[in-house]
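Okay, so chain A shows up in both of these, paired with chain B first and chain C after.
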Partner chain A sequence: MIEVEDIYFKYQSGTEALKGITLKIKDGEFVAIMGQNGAGKTTLVKHFNGLLKPSAGRVLVDNIQTTKSSIASLSKTVGFVFQNPDHQLFSETVEEEIAFALKNFGFNQETIEKQITWALNLLSLTQYRKTSPFMLSGGERKRVALASVLAWDPKILVLDEPTIGQDHEQKEILRQFIVQLQTQGKTVVIVTHDVEFVAECNPRVILMREGKIVADGEGKEILTNTNVLAESSIVLPQIAQIFAQLESMRLPKNVIDIYEAKEILQRAYGRQKE
Partner chain B sequence: MAVIETRNLTYTYPGATKPSIIDISIKVEKGDFVLITGPSGCGKTTLCRCFNGLVPHFYKGEMKGEVVVSGKDITKTETHELAKYAGLVFQNPENQLFALSIEKDVAFGLENLGFSREEMRKRVDWALNLTGIYDIRERSPHEVSGGQQQRVAIATVLAMQPEIIVLDEPTSFLDPLSAQKIFEVIYELNRKLGITVVLVEHRLDLTAKYANRIILMDDGKVCSDGETREILSSEETRLMGVGIPKATLLYQLLKKEGMSLGTITPLSSDEMAKILLEVFANR
Partner chain C sequence: MSRSVFDGLKFRKVDSPIHNLDPRVKFIYVLGVFVAAIMYNEIIPLLLLFLMQIPFVLLAGVQKQWFRSLRGALFLALFIFLTNILFRYIGAGYTFLPADIEFSVAVTIRFIVLVASFSVFFLTTSPDHLGLALEQSGVPYEFSFAFTTAVRFVPVLAEEATTIMDAQKARGLELEKGSFMKRIRNYVPVLIPLIVSAIRRSLELAEAMESRAWGATKKRTNLYELKLHKGDFAMLIITFVIIALEVYVRLFVPIPPLSGGLLF
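Moving on to the complex of A and B:
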């Protein structure tokens, strides 16, 4: 469980990035943190694995305060995948990249081997096992970064913009994978701008603006709230955009899922026919 | 008139066991807004790198076939010469920014082209304003966010006002509204100044409505090339797992169920909402 209690954070440049954030993320939850550039999303999640320590307030991960624990031990619990894979990749081959953290955490060779194979397979990277990460495309490098964190099986996973550069199929795999992690009781926190991806997953959405939380609730409620989204520079998902324009038809308003949209429109069409 | 033409283009990176792009023959006409899409790793970025000569001049490797950009054979033209015709915005902005201030980065290309001071000032300010970074022009490009860096990268190319702008997922780090604004700017330059745009994107939800043409790639090859609505309404495209806009997909799903929605495939939620409103009003 992640507990954030009234935290504030100021960068050395003087920018106040977080201004009183309180939230609780339970085990097994899937949370999307959204908001415009500079809202403080990445700053907030960097507090979850102790990369940043609050200037005021406190953060507890599984009841341990992050200031009282090292980044190394926290990161075993909280796996963090950065927005830009180039900030975390450095090895000669994809395989070594994934092995690096596993070795540091002291896993035995057999486990390391097993975890590498598992992670590569999961993210369709098996063919690149011996390839340099820098030979791969942006989307593929992003997957290598994800594989290297998944390999040590952290209990909480924080993914900063995981869908950037990913094609439709990879996003679908990611979505299914997150669902699978949840069934294992793992917590997944994503920071994202990808409203369509969030609309497909319907997680809990935490909306941030200027260092504060402005909305927190079910995805389909928040992503159809035109006013609060406009203030946060978030575009509605396409299905919600369509429904917002069909006001005169008196359809339900909180629709973001395409299949739900289809059923509703079909029913309305059938009703009119009678 | 074709401003970009490739003939049987095949290219292999040094040390790679197989080519990244295979036998590609495409033509981009002047004034086109072309969207190139396809699964991750399909060769989109590599193809774009040919348009300003980074492939093969910088990346070396083995190239077969021909690439002609603004009438120049890229293998016989130096990259700084090609840069006058085709401006490239990379996927990862960090790779292209280097100056001490954002403003200097934007001015750099112009300095090299020998513009007068006033003309340079005018163009730099214009590009900074269009991309919404005028206020941060004196900051270092390396201390601003990924999204801001992308704006800088776009501004550097816009300032040059090249005939062709090639953008490789140029707004991936930007929030959706900011991304939309940038696409609107590019679309306007396309329509008003006739600048040819080649855009690599996965997010067709955001971009399909701007493109008059889509090139679909898979596994290093071009598998479809045609008018936007035609490509997005084809069964083949859907099966390829391309992220068709939800508005287009909803139209297809409802049509399959027998709803009569007309014959024009919508590309945006506005178009789809209009179709639905008409259908329901006429019943």
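Moving on to the complex of A and C:
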């Protein structure tokens, strides 16, 4: 569980990135943090594994205050996958890349081997085990980065912009993957601009603007709230746009799911014919 | 530590008498300080050289950033001091001689003087002006461009280094842990991504530039031309007076050692 209690954060350059954030993320929740560039999304999630410490207020991860723990030991609970895989890949083979964190955390050789095989399999990377990560495509590198964090099986997973540079198929795999993690009771936090992806996943959405939370709730409600989204320069998901355009038909407006949309439209169409 | 050194090289556009000086004149000044710092091995003149930078810093209003770059250089300064004193100690037959301590302090101050003056230069000179200055001094455009690009990318790389460090810390890397050798090896996971992404970035930059017809015309013209103003001539005179004074003092004035009784 992550508890954020009224935190403020100021960068050395003087920018106040967070201005009084309070939130609670329970075990097993799936949360998407959204908002325009510079809203403080990444700054906020960097507090979850102690990379940043709040200037005021406090952050508790499983009841441990982040200021009283090292980044390394927090990271064991909170796995953090950065946006750009090129910011972390450095090993000669994919296998060694994944072993890096496991060695840092002091697992024994046997466990390391086992976890590498498991993580590679999970992200369908087994064929690249002995390949250099630098030879892989952008999407594959992103998966290696993800595998290198998943390998130690953290309880909470933070993904910064996981869909950037991924084709539709990869996004779908990622979505299913997140669902799978959830069935295992993992907490997943994603930071993203990808409205369509969030619409498909329908997680809890936390919307940030200028270092503050402006909306927090069900994806379905927030992603169809035209006023709130416009202020954060986020466009409605396409399905919600259709329903907004069809206002005169008096259909429900809070629809982002494609199947739900289909059923509502079918019903409405049938109604008209009668 | 390392990041704050880069902060001291970051240019911010401000209007001050120092910022408005011609970059060539400022460079001659820095060169003058550099030569002076090399000429002297004594504490007093080096200390004076250091104090001489302060009015410029205050005039430019960059004291905060300047101080930060000095603090960043502290570690290296300490390293210079310790190696000097160690080798002097061994060289003198395992004894501390006052003159040797004095020498070690002096070379350390010399290093700080160099950092201090270069920092003022970079803090108050925009990379664009620097490139212009090089170009108008007859340096081929390819070289001046490479130089300005390098300077411009220092802060970008520094920022990237921070992100990489964060990414690796999130994978359990503890930079400050272990023996001295281990700590050096700890930086491998930071340096490799940094170098790889710098190379990638430069290739991308080259492609972007070529697609915008870089180097299409042999003879380039500039929108802005550098011209010397009154202030620049004043600064030049100050610089030459300083250089003349340095040479005169070096040649004709004996500098008393502090260890004659003042300090030790």
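Note that the second predicted complex is superposed on the first by the 274 of 274 C-alpha atoms of A that agree within 3 Å, B and C clash if a C-alpha of one lies under 4 Å from a C-alpha of the other, contacts with A are read in each partner's own complex, and residues count from 1 in each chain.
Keep in mind that, in the parts below, a contact is a pair of C-beta atoms (placed from the backbone, for glycine too) under 8 Å apart; a residue touches a chain by one contact, two chains touch by 3 or more.
Quick caveat, the model's predicted, so the values are computed rather than measured.
Taken together in the superposed arrangement on chain A, chain B and chain C clash. In the superposition on chain A, contact of A:Phe100 is made with chain C only, not with chain B. Touch criterion not met for A:Asn227: it reaches neither chain B nor chain C. Of the two partner chains, neither chain B nor chain C is touched by A:Gln127. Judged by the touch definition given at the top, the superposed model places A:Leu89 against chain C, while chain B stays out of reach.
Contact comparison for chain A: of chain B and chain C, B touches the greater number of residues. Applying the stated contact rule after C-alpha superposition, one finds that A:Asn49 touches chain C and leaves chain B untouched.
In the superposed model, A:Gln184 lies in contact with neither chain B nor chain C. Of the two partner chains, chain C is the only one that A:Lys76 touches; chain B does not reach it.
Of the stretches 22-30, 58-66 or 112-120 listed for chain B, only 112-120 runs into chain C once the two complexes are overlaid on chain A. On chain A, the surface touched by chain B in one complex and the surface touched by chain C in the other have residues 84, 86 in common. Contact residues on chain B toward chain A in their complex (touch as defined above): 13, 15-16, 38-41, 45, 91-92, 94, 145-148, 169, 172-180, 202-203, 205, 241-243, 245-247, 249-250, 253-254, 257, 259, 268-270, 272-274, 276-277, 279-280, 283. By the touch criterion given at the top, residues 160, 163-164, 166-174, 188-189, 192-193, 196-197, 200 of chain C touch chain A in their complex. In the complex of the two chains, the chain A residues touching chain B come out as 35-38, 83-84, 86, 135-140, 161, 164-172, 193-196, 199, 233-235, 237-239, 241-242, 245-246, 248-249, 258-259, 261-262, 265-266, 268-269, 272-273. Interface of chain A with chain C (complex): residues 46, 49, 51, 70-72, 75-76, 79-80, 82, 84, 86-90, 100-101, 104-105, 134, 148-149.
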